[in-house]
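First chain written, first letter: the chains are A, B, C, D and E, and each begins at residue 1.
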Amino acid sequence: MAYMSRLSAALAVVVVASASSICAEEIAPLKIGLMLPYKGVYAVPSEGIDRGFQVAIAEYGGKVAGRRIEIIRADDELTPNVGVQQFNRLVQLEKVDLVAGVVSSSVGIAVSGLADKAQMPLVLANTFADEITAKFCSPYVARTSFSANGFLYNSGKYWASHGIRTAVIMGPDYSAGHSFLGAFKRGFEDGGGKVVQEIWTPFQKTKDWAAALTQASNSGAQIIYSFYAGAEAVQVVKQHADFGLRDKLPLVGDHWVYDKLNWGALGELMVGPKFVTTYLPTVKTEANEKLVARYRQMFKQDPEVNAELGYDNGKAIMLTLEKLGGRMPADKSQFMTTMRGLVFDAPRGKIRFNASNSALLEKVYVVQFAKDAAGEPVPQYVDEFAGADDLPGCTKSF
Amino acid sequence: MSTEATIVGAVSERAAADPVKQSQRVARAVIVAPVLMVLALPWISTPYLTILAIEIMIAGVFASGINLLVGTTGLVSLGQAMFLGLGGYGIGIGASVLGLPLWISVPATLALIGVLAVGIGAVCTRTRGVEFLLITLAFSQLFYGAAIKLRLTNGSDGMSGIPRPDLSFLGLNSDNPMVFYYYVLAVTVLAVAVVWRVVESPFGSVLAAIRENERRAVAMGYSVDRYKIGAFVLASIACGVAGILQAQYTYFINPDSMSWQLSGEGVLMVIIGGATAVTGPLIGAAVFVLVKQGLSVLTTEYMMFFGIFFMLVVAFFRGGIVGAVQSLFEKKS
Amino acid sequence: MNALEVKNLRKSFGGLEVISDLNLVVPFGQRRAVIGPNGAGKTTFFNLITGWTPPTSGDVWIEGQRAVGRPEKIARSGLSRSFQRNMFLEDLTVLENLRIACQASHPCRRVFWRSTSAFGEVLERARMSAERMNLADCLETKAKHLSYGQRRQLEVAIALCAEPKILLMDEPAAGTSPSERERLINLINELPKDLTILLVEHDMDVVFAICEVITVLSYGKVLATGTREQIQQDPVVIEAYLGCGHARG
Amino acid sequence: MLEVKDLHAYYGDSHVLQGVSLEVGASECVALLGRNGAGKSTTLKSIVGLIPSRRGKVVFKNRQLDRLPTHRVARAGIAYVPEDRGIFPTVTVDEHLGIALKAARGRSSRRTADYVYQLFPRLAERRRNLGGQLSGGEQQMLAIGRALVSGPDLLILDEPSEGLAPVIIDSLAEVLNAIKSEGTPILLVEQNYHLATYLAHRVYVLSQGLIRFSGTTSALIADETVRRTYLSV
Amino acid sequence: MQLFLTQILNGLQLSMLVFLLAVGLTLIFGLMNILNLAHGAFFTLGAYCGVAIAAATGSYWSALVMGPVLPFVVGFALQLLVLQPLAERGRSTHLDLALLTFGLLFATAGAVEWLYGSAFHAIPTPALLSGHVSLLGLSYPAYRLFIIGIGLAVAVGLNFIFDRTLIGATLRAGVDDRAMVTALGVNINVLFAVVFGLGAALAGLAGVVAAPLMSVYSQMGIAIVVETFVVVVVGGLGNLKGSFYASLIVGMTDAMSQAYLPEVEMFAVYALLIGVMIVRPQGLFGRVGRVA
């Protein structure tokens, strides 16, 4: 039993230590928990999202209806278990009013279950897996980006209608990979193309794509359509080039494969391939010019896709809070209902939400990087098409 | 084992100067106060502390299981997370694929873990030392790979919607952190009591004999392989229990719960706490969870500091915290 | 029927035959010494009898039963051994060492749901065996803190916990001081007379003080068996045991 | 040559040597006798620095060795042949001598492998064999040869006769006698009383970590009490 | 057939990369009996050094030569200043060292991220090797053939050092009986620290060699440790030749299962490992009782 006394002593210390942090402030700021994988393989995209988010808050002077906005950051380490722990920390210790951010769909699924149980608004910044706002939909969870289907179904159709008849799809073997490439495949085959081979590599466990690329090059397809991000994207693009497949079997993908943030690692390999993206920093709309100007001012560089997604995330939250008069309603699902009613011009186009709280995609661009005079990569507009609707699947109504 | 004796001895020694009645009162307070403290925690502390306490208890059950192998029997396993994951997947598959209620899926999962542990233990305990460490690691990687690849387990995405116990017959909702705290507390007390009982039992003393000198245990007439397998099975079931709690706590299970890093962290909790005492794993788990949480609040570079913390513990805390406290008392007396 | 019978025992490691065609009969209650120069195969012989090393051929009979299988099985069948090197549960106390040893022959050994304190008779037996080997006043000492002489006593005490019919002792007096040795010899001689003892020992004083019959081993063979006088006068033994030429000085 | 003063050594908690003092003079062969566990091997290991926890003074050729790590003791000119001979199973006979020669490269008195092969012609035949393939006698030859090849100023031998057939012991005795007469001082631990008394000029008797007797070999042979009490011969 | 041949080359290239890592681990484990979980940290360290040097000098070749220097120094210092003193204080059980190096692995990843940020880096494939080589009717990236060459060269070189030189004999002797080697006058602590450094340098070399193929990031070493251990165990703990053959087996198993049996790719090598440990616990090429 003696150990109990030691245990209690230890706990007592913790209680005392935490008691000081409980003291309430008089004009409490609105606290937003921003959960992103700040370290590790998705650290770079996370930084972009975080900066975009900051720009959105700064646009409002960091205040809504006189209430200061406080951002509390948490690192989910790209791991659902850690995500859950950090979510609990944000909600229980930091007493945040809502949680934003989240990149990985796995973490998104894990924490959205928790948000639903805790009745805590969760505004997801990325997490494109279709299920999040379909099978796992919740009145407390919204997504300000778009679904995989919304992005890539029409991309499949686009390539099928631009002379591509056969394709290999290649991607990481996890929900986002399956969601995106599944959407592409449906669109591609609905448009008359044929996916001749599917190659799934274990997510974050694959280092060498030699076997996969060798297989793909022997499939006789016209293109490889792939979905990769971060370190995996860098490796795939480099190894694809190493095998001399750039002309023979182009690697087509989306803005995560040819992410500008991979420029350092990819170098010259960025220039040339066409890919699809949801955001083009050179687009001349008022919303975009505002973002670009402020982003340049704050971070001395141009925003890219991730920054734009972070901006949308922050902007949607700020617009909602503004509508609510800077007050989180007692019934927090009211927050989501309000957000669902928003329609606003984002840098990527008009944002509307569907019935299960997922933002829709208005436009998809086809682009190609070229070097500007300073040798910096600049995305060049090639074509555009509309985004598709989300997959159905949400059985709850809210 | 001997820790309690030492500390109780030290306490009673100090109390010896006082009148008998007072020392009894002190002793009673020493026992009652922490029990009350633990029981009342959700009421007297913050919700966040309650949640931390839940995490500590779950980690404590996991570490207790590992300690049965590492501390008691002297077999260092770097694969116990496989049973943690199996526990979570067991009830996950039970609920979402087979549609079983928890009162069936929990015993079935633990039984399955037991059976698997007999087989895996029989293979692993043929080796010793570093080979044992590596073969347990290999087995856990095998299950980890299977969890990623199998459709049944939903691959890298893992399974969500893991059910918590239905306590509505008590008028309680286990989604409430406070209610869940008492549920985890009950399971933890039960699991740790069982582990403690095993360590203190004749069977447990054979395990200690194996740790101290396996050849001697054989010469005494013990079929050490059976005892080692027995320890492996009991340890694995304890880890499975921790896995079930973990999955229920997060409503979620994915292959990361089987990673070798997690096994390593479990062993580290045992080392931090002190490998020979039943209390060691609980204290180790508490320190581990609190340090990790504390560091991640303080700095974004906590991985570096955590690694350094790790190394310092191994280099300077041979007997863990319990061992350090023990030797402190030994020096005083 | 004899306590121990060894028939045509052979053991080779690689090409080297360490035990070749060894035969030995030890009747009940006899105190028998096995001596021989270094490398005569005494320790291998012990390992063969106790099942630690499987023989190349031949077999061992304990009380008319053929002894086969793993060492723990043979240990439980009534043949207990002490070791030349200290093999204790170093971090446990003397009493715990003995209790665990006594528990091996008690049905409670597989019980994991009750505390050891529930089995008082095991503890009682442990205390008795400690008393028998004069260890009663260091029951709570950790094995690693014992003196050299006490360690040798504990070694024998552990072997006795199994309540063996035959006790194999591997150099029990090695390295002890004269007084320790004398105490140990007395303790061994006070053991029940029906206990068969097989003793491997360098020290002739110990051998003569304990054993009535001596077997001389050389190059894995029995060279001679007989009483002290017979052995001391056997020219073959003298030749083998002491070597010749310079080494004899 | 060698002077050991009040040497203490510990294994964990047990105090194995409790103040051993001994001396080995130039060209002298000294034997250290005693029962199993008396601390003879520990004394030798403490001198060469293989026992980490030791205390006391070891002076060799006016250099203090007791704080030096083992390899520095070896470089000071002490060659050690351990009880188990310390032959490397995966290293050839040639390489054994090569390692010893290389390690002794600073010594002026170092010899050549041929010196050893002349001393033990049997080893020359087996020079390409691995240590693990040698017989017990050959291993002992190699161990001594490896010690001698560095041209040591003191040879320390731990139970060279252990486990050898009498015939081999006889030839070993001859070799050691030859080394002795070449003037290399020897410190010898030996269970084989006859071999020890044959070789040694002087004898120390050790029991329970203390020197109980020291004197010439003939004095020991004359003293039956000491022999009975500490050596049982 | 062409596909199969290419896959063989892929497997070979993977094997050699794995070998560079495994051989260092084998040296460290076989000689010093240290379960060095931090081996992945040296891999990371080498890769980052390579990136930094390549960026500074613009030359892949100077990165290749200089990249392993820092891992060598760190490994040497770790053994001489940390692990060796710990061992002398009796803190050298497998568990202690495994956990210590486990901590080091994470501390290094954290420190690298802190110093270098979390962006991905790479070294451009050197111009000399960026082409393709026609081989048996198939075209294969020259750089990957270069990796195969480096692996083979390291294998041959180490084999020569270990089997044919006096230093190799001293190392073998040190494994057999460490105390005896010191009693001959060899400063084995320094020698072993050099070997530890060499093992770390080989891991660093693997990091530089891998950098043009893979992305360089702070946690790149963590994932690779376990697979490297599979090779070391399959090859027989501490057996140099064994680790070479085992690298081939594991690399091929990995590449072939990826290509032809993707369902088992995550666990084929572990199943192999368990099979080996059941049938031959000393490893496929291990001699019984060689090390501990």
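Quick note on the criterion: a contact is a pair of C-beta atoms (placed from the backbone, for glycine too) under 8 Å apart; a residue touches a chain by one contact, two chains touch by 3 or more.
It should be emphasised that the depicted structure is a prediction, and the values quoted were computed from it without experimental measurement.
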Shared chain contacts [subunit C and subunit D, defined touch]: none
Both-way neighbours, i.e. chains that touch subunit C and touch subunit A: B
Maximum centroid distance from subunit B, chain identifier (CA atoms): D
Most remote chain, CA-based centroid, reference being subunit C: A
Euclidean distance of C-alpha centroids - subunit A vs subunit B, Å: 36
Separation of subunit C from subunit E, taking each centre as the mean of its C-alpha atoms, in whole Å: 49
Distance from subunit C to subunit B - Cα centre to Cα centre, in angstrom: 42
Chain centre separation in whole Å, for subunit D relative to subunit A (CA means): 74
Per-residue overlap in subunit E, given as positions that touch at least 2 other chains: 113, 265-266
Multi-chain contact sites of subunit B, meaning residues that touch two or more partners: 148-149, 303
Interchain pairs in contact, sorted by label: A-B, A-E, B-C, B-E, C-D, D-E
Parts of subunit D lying in touch with subunit E, wherever the complex brings them together: 48, 50, 52, 69-71, 73-75, 80, 82, 86-92, 95-96, 98-100, 102-104, 131, 146, 150
Residue ranges of subunit A touching subunit E (in the complex, touch as defined): 38-41, 43-44, 47, 199-202, 204-205, 207-208, 210-212, 214-215, 218, 230-232, 234-235, 238-239, 242-244, 261-262, 264-267
Residues of subunit B touching subunit C in the complex: 197-198, 200-206, 208-209, 212-213, 215-224, 230, 234
Residue numbers on subunit D that touch subunit C, as the complex places them: 12-14, 35-38, 136, 161-166, 169-170, 173-174, 177, 191-195, 197-198, 207-208, 229, 232
Residue numbers on subunit C that touch subunit B, as the complex places them: 50, 70-73, 75-76, 80-81, 83, 87-92, 96, 99-101, 103-106, 108-116, 119, 122, 158, 161-162
